[in-house]
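Chain naming follows the written order as A, B, C and D, and within any one chain the residues start at number 1.
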Amino acid sequence: MKYKEIEIEEVNCECTDLRICRGVLTAVTEGIALHEAKYLSGFGLITAAPIQTCIEGILSESETPDGRRGVIIQFNVPSAVSYEKFHEALLKRLFLIPHLPTCSLFDVSSKKEDSFIDIGESIRKWGDGFEVSENYKGRDIYRIPIMTGDMLVEKTLNFYQGLDGALEIFAQNAVSCVVAAQEATCRIFNEVSGVANFNYPVGGVSGAKVGGINYTKERVTINDPFCPTLKNTIKNSKLPVGANAVIEYPIVGLDENSIKKALKIAIDTFATTPGIIKITSPSFGGQWGTHKIYLPKIIQ
Amino acid sequence: MKYKEIEIEEVNCECTDLRICRGVLTAVTEGIALHEAKYLSGFGLITAAPIQTCIEGILSESETPDGRRGVIIQFNVPSAVSYEKFHEALLKRLFLIPHLPTCSLFDVSSKKEDSFIDIGESIRKWGDGFEVSENYKGRDIYRIPIMTGDMLVEKTLNFYQGLDGALEIFAQNAVSCVVAAQEATCRIFNEVSGVANFNYPVGGVSGAKVGGINYTKERVTINDPFCPTLKNTIKNSKLPVGANAVIEYPIVGLDENSIKKALKIAIDTFATTPGIIKITSPSFGGQWGTHKIYLPKIIQ
Amino acid sequence: MKYKEIEIEEVNCECTDLRICRGVLTAVTEGIALHEAKYLSGFGLITAAPIQTCIEGILSESETPDGRRGVIIQFNVPSAVSYEKFHEALLKRLFLIPHLPTCSLFDVSSKKEDSFIDIGESIRKWGDGFEVSENYKGRDIYRIPIMTGDMLVEKTLNFYQGLDGALEIFAQNAVSCVVAAQEATCRIFNEVSGVANFNYPVGGVSGAKVGGINYTKERVTINDPFCPTLKNTIKNSKLPVGANAVIEYPIVGLDENSIKKALKIAIDTFATTPGIIKITSPSFGGQWGTHKIYLPKIIQ
Amino acid sequence: MKYKEIEIEEVNCECTDLRICRGVLTAVTEGIALHEAKYLSGFGLITAAPIQTCIEGILSESETPDGRRGVIIQFNVPSAVSYEKFHEALLKRLFLIPHLPTCSLFDVSSKKEDSFIDIGESIRKWGDGFEVSENYKGRDIYRIPIMTGDMLVEKTLNFYQGLDGALEIFAQNAVSCVVAAQEATCRIFNEVSGVANFNYPVGGVSGAKVGGINYTKERVTINDPFCPTLKNTIKNSKLPVGANAVIEYPIVGLDENSIKKALKIAIDTFATTPGIIKITSPSFGGQWGTHKIYLPKIIQ
């Protein structure tokens, strides 16, 4: 269907179920919080890393326990990954935190959900006995002395059943791909609560497919129908006329409504950024999750 | 000794021997190359991650095989980590690369050293048989179709015996710590070839000590003599009068001369940034490496 | 009085009355909008320029007429400057706009106030007869062809009687000054509508005094009681013990409540940034405006 | 002629003679120096402002008198503007400087050319008698107390006869325009000494033509042959097939060789950025300067 300047394929966005743990990293300034959140969240795609690390947005100084601005991070894996493996990978990733200058880590919300994950027991060992357990502004935390001052780490983080969603974006060229992805990410970062992006601040990646056609033993390989330099080589190329570049735009979020809201904003960004031609959603045969979001319904 | 506005402790900087592999990540713009280099290089300290990932600087468009600006990354581990474990961790980290939009990965230098590491064989499997082996501008590469176009990955990266060095910086407050560290990093990034920083662009971290005093089973714990909130609690606090914050400033590099050059620049930055009081170097009992650099000699 | 970590002088913030005109500059991305807003808003202090140009914040894509994110700018002068001189200076400053790639300029609000300033008649002449007058999404605009596409310029901008306010911040060192100012600016930019900052994104400046003690013919000179290198030289130095740097933190806004809200946020930022010692407000003998805001009342 | 991925029109780049004054603005960090250089250099095109303000690059800490990194700015006007008017406009622009926190202003080179402009006499009046004349690291300066510490202002800046040059870039869409311009600017900023860009960091603008076809009394109007939304309306449109956006890429520099070097780098950037179609140079009838640079010769 035609939508603004582009074409939208009338397909479902198939959402994978996710295990999500969500924290906010505060620091002496928002700038430092962003640098450190990105340092903590690098290398965060499940194809290569044991855990995914996505950046959701800012909590203002009036919303965090310590009155400093912070960056919300969603640590997540597909639900196909066991809870034990997720917890293990989460603790390993968070073991970096005592290195981050001026930082503290809290849960995003002050109210505990039914499910929460213990992270404090692992991180507090850094304290070598100098760490102190306390209740700080209503939060159960460890106060750990580090070089820049005290680092506060909340003992538990809420644990959610969330989901992901992804778009495939066809464009005239790769510049329009990355610029549109970065602008969509800027909008979601600022306007949508509960949804997070990969590869922040770009937000878009070159996507993969499960398994291999020729290399059948590989876990993941390139998604060849979406590769522009193969469009004249393979029979099942999905590149429309005039498209010379593609980018995958994946998001994660706490619930379907937030994902829909973010997809609407993303689609509107792509639909109005010069050089974008068409949007679709990658198909996984509908096996990976319980939610399907019909793209045309998002923009109605 | 007094140096400009500060005190420098007359001690050795004890350098750990490192295994280093060095690559340059190019992209459609320097801005995208920096974003993706940071995404690839996040979570990169050996205390928490299986490999360290440090950012060295920019290669200009006249210095890269594909004529685009790129970011040089030093993937490294202490030499105490076996070559096999390093190679395994390197390949796992680089497995992310086919996701990075518009990127390519090359060796920094066109001339192969005696030692080099094969990275192409692992990454090329992403290509699912569509990848092509070729000689590109004198480099042996794989051309792998991805969504934004072709990704070029050099088959091997030069492998070096390098070293690290670190300073401990005492300051009036944590703001001076992070600002001075970030400025030292900016200078090294731009002015010194062969030396790379952790936690780019901040460059400073809260450091750790090996083992634990109380938690004797821990691999790493806080470096308590350098923690300001313990200065009135412990007997061996190293905080000088007037210092309320500390930051550790670690660098890695290919050779001792480059490390010395970078330490000189770092010391000069700290010595002239308002709020910095004193510089020393952490002591590891001289066990971890073959190089010692006497701090006073650096500034002569 | 003591407030959190600092001292606040129990004085009035004396607010100057201002003439304010407010527009939003949209562009193909928020990043470009910010670059161009800063380019348009440089050189924007009344001591040196004929008009002040302050950056207020972002309007989201759902709040602008063209569905792109934009930066709100407050063009302003003290009310002591005549309306004619303000209008002349405004038109001269806005004459730059047809150069700004991908940009458009709209009023912030869709509802016209009683007072508005015509800007379209001057800018449209750039169009050389190719410009078109139209009603666009309820706005009266000129559509002017430029190199990157059509630039839309709303014919009038609402005109307000606003006010300014300023704080003087004493700190241990200049690094704390600029970092705290930049963080306060980040918070106001994101959290307060109707208030704008000078010298964005730093937000702080070295302030001036009216006239001169020795150079009596000068319009403006340094504010010597607030200059740290004069603290042992002059009798009326305002520097408290331990302070080695000062920064002036001026803001402008549409009404007193917004200014109060922004001053509260600024004071809280300064009160919790390491290295800040004391806050006061510069005194102008109460002559320049009708509003006085008592600092202690802001933080109650 | 075909060049890499694009078409280059075989025309001259006609260079206007310029009066240039060049200074370096240092600050406590490179980041602050860049913010303040941009604040000083905003609103800097001769069509709208009385002086042009272009950003050239960074001087490292080993190249500036005060050992801090600084940003080089070229203040310039076409030579058609009298020396007196240039000097007057320069002093007015520099009158902002005592407001810039932690900044100092020096000449770029320590060696005085035959021609130099006095700037100190005007700025020093800010000092109200507290300023001090001294020789600092071989430079004749005024030391002016400001709020963040002492501001050093060199008394004179070298004065050059320079020139400008400009390209017109045709692209598939406006996103490729701004991205390519920003990348060209990044390269010139880092790789070419003596050449500076407008509207930093974007570097490209929508250009103007002298006078008007219909509005004959206007000084400047849109350059209609280069406006994409007029391509089907006017007879003399220069837009090639497939081009939907244009950007003008103007640079200024101290001498022809530097301009040629920068144009080469710019052309190479545009020739390899996705979405760029063709490059030409705007024609002014050859009246405005003594230098013509033949585009094909630049890339040989």
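One rule holds for everything that comes next: contacts are C-beta pairs under 8 Å (C-beta built on N, C-alpha and C of every residue); 3 or more make two chains touch, one makes a residue touch a chain.
Keep in mind it's a predicted model, so treat the numbers as computed, not measured.
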* Asked: Hey, what chains does chain A share as contacts with chain B?
  -> C, D
* **Between chain B and its twin chain C, rotation from the CA superposition, multiple of 5 degrees** => 180
* Interface residue identity across copies chain A, chain C - same or different by half -> same
* To do: Please flag the chain sitting at the greatest distance from chain D, going by CA centroids.
  => A
* **Length of the line joining the C-alpha centres of chain B and chain C, rounded to whole Å** => 40
* Asked: Whole-Å distance, chain B centre to chain D centre, using C-alpha means?
  -> 35
* Find the geometric centre of each of chain C and chain D from their Cα atoms only, then give the gap between the two centres in Å, rounded to an integer. => 26
* Asked: What are the residues of chain D that contact at least two other chains?
  -> 28, 174-175, 179, 244-245, 273-274
* To do: Quick one: label the inter-chain contact graph as line, ring, star, complete or other.
  => complete
* **chain C-touching residues of chain B, taken from the complex the two chains share** => 172-176, 179-180, 244-245, 273-275
* **Residues of chain A touching chain B in the complex** => 28, 32, 35-36, 38-45, 47-49, 53, 92-93, 95-96, 98-102, 125-130, 144-151, 168, 174-175, 177-178, 181, 199-202, 204-208, 212-215, 218, 220-224, 226-230, 233, 244-248
* Of all residues in chain B, those that touch chain D in their complex -> 28-31, 58, 60-62, 67-69, 179, 182-183, 186-187, 190-191, 265, 268-269, 272-274
